[in-house]
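Here the chain labels run A, B, C, D and E in written order, and each chain numbers its own residues starting at 1.
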Amino acid sequence: MIRSLFFEPGKPIRKDLPPQEFQKLIRNRRGILWVDFVAEPPDICLPILQGFGFHSLAIDDALLETHVPKLDDWGEYLYIVLNYMHAKQKKDDWNTTVDELDIFLGSNYIVTHHDYPVTAVDSTWNACDLDPRTLQDGPDHLLYKIADYLIADYMPIIEEIDEGINAIEDQVFDRPSPRTLERLFSLKRVLLAMRRILLPQREVLNKLARDPYKVIDPKDRIFFRDIYDHVVRLHDLNESLRDLVGGAQDTYLSVVNNRMNEIMKTLTIITVLFMPLTFLTGFFGMNFFEPLGQLKTWTTNPVFDLTMATIVILPIIMYFWMRRRTWI
Amino acid sequence: MIRSLFFEPGKPIRKDLPPQEFQKLIRNRRGILWVDFVAEPPDICLPILQGFGFHSLAIDDALLETHVPKLDDWGEYLYIVLNYMHAKQKKDDWNTTVDELDIFLGSNYIVTHHDYPVTAVDSTWNACDLDPRTLQDGPDHLLYKIADYLIADYMPIIEEIDEGINAIEDQVFDRPSPRTLERLFSLKRVLLAMRRILLPQREVLNKLARDPYKVIDPKDRIFFRDIYDHVVRLHDLNESLRDLVGGAQDTYLSVVNNRMNEIMKTLTIITVLFMPLTFLTGFFGMNFFEPLGQLKTWTTNPVFDLTMATIVILPIIMYFWMRRRTWI
Amino acid sequence: MIRSLFFEPGKPIRKDLPPQEFQKLIRNRRGILWVDFVAEPPDICLPILQGFGFHSLAIDDALLETHVPKLDDWGEYLYIVLNYMHAKQKKDDWNTTVDELDIFLGSNYIVTHHDYPVTAVDSTWNACDLDPRTLQDGPDHLLYKIADYLIADYMPIIEEIDEGINAIEDQVFDRPSPRTLERLFSLKRVLLAMRRILLPQREVLNKLARDPYKVIDPKDRIFFRDIYDHVVRLHDLNESLRDLVGGAQDTYLSVVNNRMNEIMKTLTIITVLFMPLTFLTGFFGMNFFEPLGQLKTWTTNPVFDLTMATIVILPIIMYFWMRRRTWI
Amino acid sequence: MIRSLFFEPGKPIRKDLPPQEFQKLIRNRRGILWVDFVAEPPDICLPILQGFGFHSLAIDDALLETHVPKLDDWGEYLYIVLNYMHAKQKKDDWNTTVDELDIFLGSNYIVTHHDYPVTAVDSTWNACDLDPRTLQDGPDHLLYKIADYLIADYMPIIEEIDEGINAIEDQVFDRPSPRTLERLFSLKRVLLAMRRILLPQREVLNKLARDPYKVIDPKDRIFFRDIYDHVVRLHDLNESLRDLVGGAQDTYLSVVNNRMNEIMKTLTIITVLFMPLTFLTGFFGMNFFEPLGQLKTWTTNPVFDLTMATIVILPIIMYFWMRRRTWI
Amino acid sequence: MIRSLFFEPGKPIRKDLPPQEFQKLIRNRRGILWVDFVAEPPDICLPILQGFGFHSLAIDDALLETHVPKLDDWGEYLYIVLNYMHAKQKKDDWNTTVDELDIFLGSNYIVTHHDYPVTAVDSTWNACDLDPRTLQDGPDHLLYKIADYLIADYMPIIEEIDEGINAIEDQVFDRPSPRTLERLFSLKRVLLAMRRILLPQREVLNKLARDPYKVIDPKDRIFFRDIYDHVVRLHDLNESLRDLVGGAQDTYLSVVNNRMNEIMKTLTIITVLFMPLTFLTGFFGMNFFEPLGQLKTWTTNPVFDLTMATIVILPIIMYFWMRRRTWI
């Protein structure tokens, strides 16, 4: 789908203009043109983008999904790649996809290209639709709006992950299972994927906030600085969450290890308590003494009493010995 | 709560002025105005802050809690975010909250905004109250005082953590329990949280100490340098404590592992000593020999003596064999 | 094998020229010469390369395989080393070889030297062969084409590794075996080897895209910038895959560890359940009671019933005790 | 204790001057004054230091122990903090204390302040005492001498640690005990503490060697460069020792783990060998066969011979089976 | 031993000149002097080095072994420290020593000082001896030759380590023993030691290749650049080998861990199979039933047949149960 908006101060907004008119419109220095390609096949986008006079390498990058946020300054226009992320929890696993939003920003036009509908673009589009004055501040302000929405969309994911970690932290002490660890690994992967796209995105916004570009009004840089601060904060939250995941993982391992130790301790205690006793009963079960053996004194009552005493007292002694060694 | 102070050299201090007067007062270049918002809802703060002529992005950052220390230079005023930390030990866990103090610093006014009472602000406020000359050195000196108190407030937390680590280090060798590890993880989290806010705060103070700002008297920079050094030291202490926690963790693991090894060794020794003996007693318990078996020679006294000798000597031999392998 | 191409605008392309002519041809400023050494012994290459006037150190580097991508600026020409990688999966292991492509780039010639046939060079050669206009843009554009093909050749390896990781991730949960781990180690090694050559290659392309060189047309730098972006993306993918391998390794360890724990738990449960019972049966197997012992009351029916009850009830009690401790 | 030295070329050295004279003496540009505060209470130091005209922040830093090496340039004087370390081995543990030496360096005076006697200061003091010409080169040369001695004092600690590691490395293979690990942790802590003070100290010396300061003769910078090189070397040795400690730790863990494995192997071998035999003897101990059972053929001699054969042959078979699996 | 060479174009080479003449010779700008101190005691070297007019700090560094490659620019001469390494495999351990070569490089002389014979110096010396023209290119070219030989001497060590790793990698899967790990640790140590001296050496060569020095002909810098590239490559190989050692270590741990798991599995399987059976045989071995017990029905043939069936069928059921849980 290709949709377009053209706004000239004092005139009504025009929508869904024919692509052939684009070249003429951008020559009108007072107007502002926004063209948005949504899931449009490359062979249709190509001639239109070429009509804008973009460099073939920039067009290639836009039409091929490359997934690395970057900013190329081509003088008359900027080519910007931003990423957005979908992360949905499915039972214990997370389904994460990262998609790309390509933006060409000229002094009086903005071209956006994406393979899937992007909420941030739609929200800005609707704002323009409702109130054409949104367009008054120029295309760099539109870029700011889109980027602002885009970055804001990370927040709910961060919050959902935060809740996920809280839920796991409770589990870890009560009923740690390999599933718990799987969930942690899965959260770690989402956070890692987010970090990987936040870092270059931060760099892009830093450039927009700091460097002079022909198509960006210097007094608008402060807005990009603001988004930059948000990305820094997201990055910070991401790091905190990664620490929490790491901590939960360590706790999991220590809890599991501790259970294992207790199990082994029980095994050892039982074995240590019963092995000597079993030997003793085996000893007196030998055929030397009875029924026709010559060692009848071994099966008299006093010997039995002694044996019984040993069977009762030996475990008690061992219990205290193990206690002294702080096993129990 | 909104409280305010206005000081003009040679005149008595004025307190709790009506917000409507603020705009007029800051036009008085000789006076110094301090407005402090404590836990005030955003809709009340907003118009007052707008009255000062602050940029909407800066006001947004102040009213929304963002928790990232930063310094924005807006020319006529600085917007500074500082963090303060509450950390209280609750049994084995630590309760850590990080809150935000927003400061607008102009050449003849300072505006502070925080959601909870801050000791550092209150102390400075009381100092001004008691002795109006505190205000003489200008708002940048007030900022220094607030920041100085704020940073000093980390020290007791550091000390409490230090004591906590000492207490744990003793436990680790005597009675290591999973609780010990939990406590260590908890301390680690507090130190990590502190480190996360110290680092950007250090950067803010470094900027105040190093960069020229319109609203900061160059000769006052040395004071911010001093606080900067304190933050560096706090960071240093934090790192040392993290090393100690890491060391205690390693020791814990090695102590626990060592106990486990000893337990397993005991299990093995007992099993190795008694398994052959139990087999022996089982052997002579078989029905081949007695009572009606044809192998009566197997149950004569000499065989019994031999068996007894084996039962006594075998464990002794094994004991020395295990000793030679340095098991015992 | 030595092959060569000479192109002069307006004249037919000349091929496989005698090496003696090279010196004369490069003096023709309008023509473009490409000499390609394929698996040629050093003693044949040496005099020809010396004929181009290259520095002896650069020739040494070209004739000896050194395997480190680099770019040396010798003023009149650039000496560039690029690497290419062959990685083939052989059962569980990967067979990785890294080879070297040496390039001398002058303002009107390009000399390529490699010990094995390189697909990227062959593709460019064939393109020149089919359409001499490919040569029109000068030798720096040929370098761009070769580098572009070379970098594109990493993609299939990345994809094969990606599939390998997916296959292993399924195995890890279903039937983890030491082979799984071996495969992971092997993938890790390939990714590490790739990373090691991507990093300096990225640096070489960054230099070509950024620095001014006599033999590279400034307006062609944007093409090297494009390849640079591809290398950055490859590096990014490589990192992602390494994270996936690391994650799979962690999962493997946790799955295996979990199985081990379950096995130990079973061992302990069985031992704990049967040791006391075995002691009990041993106890009543002693010769004190029967056949001629004096303790006949010990073998009466009520005692047997009690014993039977113990044998049945004890495991049940223990089962619930272990359940309460969440062992089962 | 406050001691002082005053040297003027051509005049005899004056010692232990009254603090009241200091201000007058430093106005004498040709003389050199050294004041040394040893373990003097702050309230006595304060007025004297103020008399020198030092900034209150610098005096605060000097009187409070802050333990972070640093260099503050106050124009007319430098304020330098250096650290020195005492590390003594007490049985298995190391007793490490880090203390602070504060130095104020003016163009014709040096003030040193420390809470405990410092060998480096005493050595320099004695050198001045013995030969007043030591003072001729100015206070910056005194600073060099003190710093040189101070850095040299780390060497014996390094050597003692080196010996400690050697001793432990021998133990690790012969008789690894948890004590060995404790000693390693303790060494690690000392090395870490040393590293922490070496790093900022290196930075201080780097500044002295590189940056222009009013009170340091540019031609003396080479001497600080020399000490800087020594600190770099100490840092290098420190890193090497940390690697050795790390290696010893790894070896310890692998030796201990190996012993554990052998113990578990023995446990398993014994259990595997005797469990089936014990079952066999139990089987023939059942009351079905004897004395009045109906299964008399089960206890005839041929069956016994078969049983005996099994008892002898089964362990042999198992032994070879385990051998083939390389357990033994 | 002190040996010296003096070469003046057009005149025969002079050897082993008396040290007294050195000062006169270096004033001859057309001649080239090389003095080599081999294992000469400091008190003999000192006056000769002072005769050259070297700074006392540089002489100190040369006479004391400090083992840190560095380059000091003293204007008229350079003081350079290079390291060389001896690494010999002794059974399972490696014997590594790092020694120091001190070089003073003037515009018409070179002074080398080392405590042990250095192959690189001897090779250069012999080359000068055989062909005096080697000296024609000046002392900076001699430095290049020495450094070139020195760096080339690392290659055989790298190759020997490479072979060592290959040998170990085969062992790891077939017969992993603690010795294997020891060998790996030992290789790691050698690689670490090499890395530690390669890094600063790389820096020294980088400086020689990049920075302008009075005593180095700018057109000779390209030669140092060449050695620099070799060091970079050595460093690269070193990293690769360290990765291989790390990989072998991981493999070792996983192989050993896997064996351990199998052993524990066997222990558990045997225990799980035989414990219930042993209980069963114990049960029927009790004196309740025979010979005079009242429970004769318990020892009738049908019960025996049932018991036999249990003894045969129970292990089979358990085998399949364990198989389903993928233990076997």
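Note that in this section a residue touches a chain if its C-beta (ideal position, glycine included) is under 8 Å from a C-beta of that chain, and two chains touch if they have at least 3 such contacts.
This one's a predicted model, so the numbers in the text were calculated from it and none came from an experiment.
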For this session: Mind checking subunit C against subunit E and telling me if their interface is mostly the same residue numbers on each side, over half, or mostly different?
Result: different
Exercise. How many degrees of rotation carry the C-alpha atoms of subunit B onto those of subunit C, rounded to the nearest 5?
Worked result: 145
Exercise. What whole-number Å value describes the gap between the mean CA coordinates of subunit B and subunit D?
Worked result: 25
For this session: With chain centres taken as the means of their Cα atoms, state the distance from subunit A to subunit D in Å.
Result: 40
Seminar exercise, completed: Residue ranges of subunit C touching at least 2 other chains are 264, 267, 271, 275, 278, 282, 285-286, 290-291
Seminar exercise, completed: Around the ring, subunit C then subunit E onward, we get C, E, D, B, A
For this session: Could you pull out which subunit B residues touch subunit A in their complex?
Result: 55, 57, 60-61, 66-68, 70, 72, 175, 178, 181-182, 185, 188-189, 192, 196, 256, 259-260, 262-264, 266-267, 270-271, 274-275, 277-278, 281-282, 284-287, 289-291, 298-301, 303-304, 307, 311
Seminar exercise, completed: Touching subunit C in the complex, subunit E uses residues 222-223, 225-226, 229, 232-233, 236, 239-240, 243, 247, 250-251, 254-255, 257-258, 261, 264-265, 267-268, 271-272, 275-276, 278-279, 282-283, 285-288, 290-295, 325-327
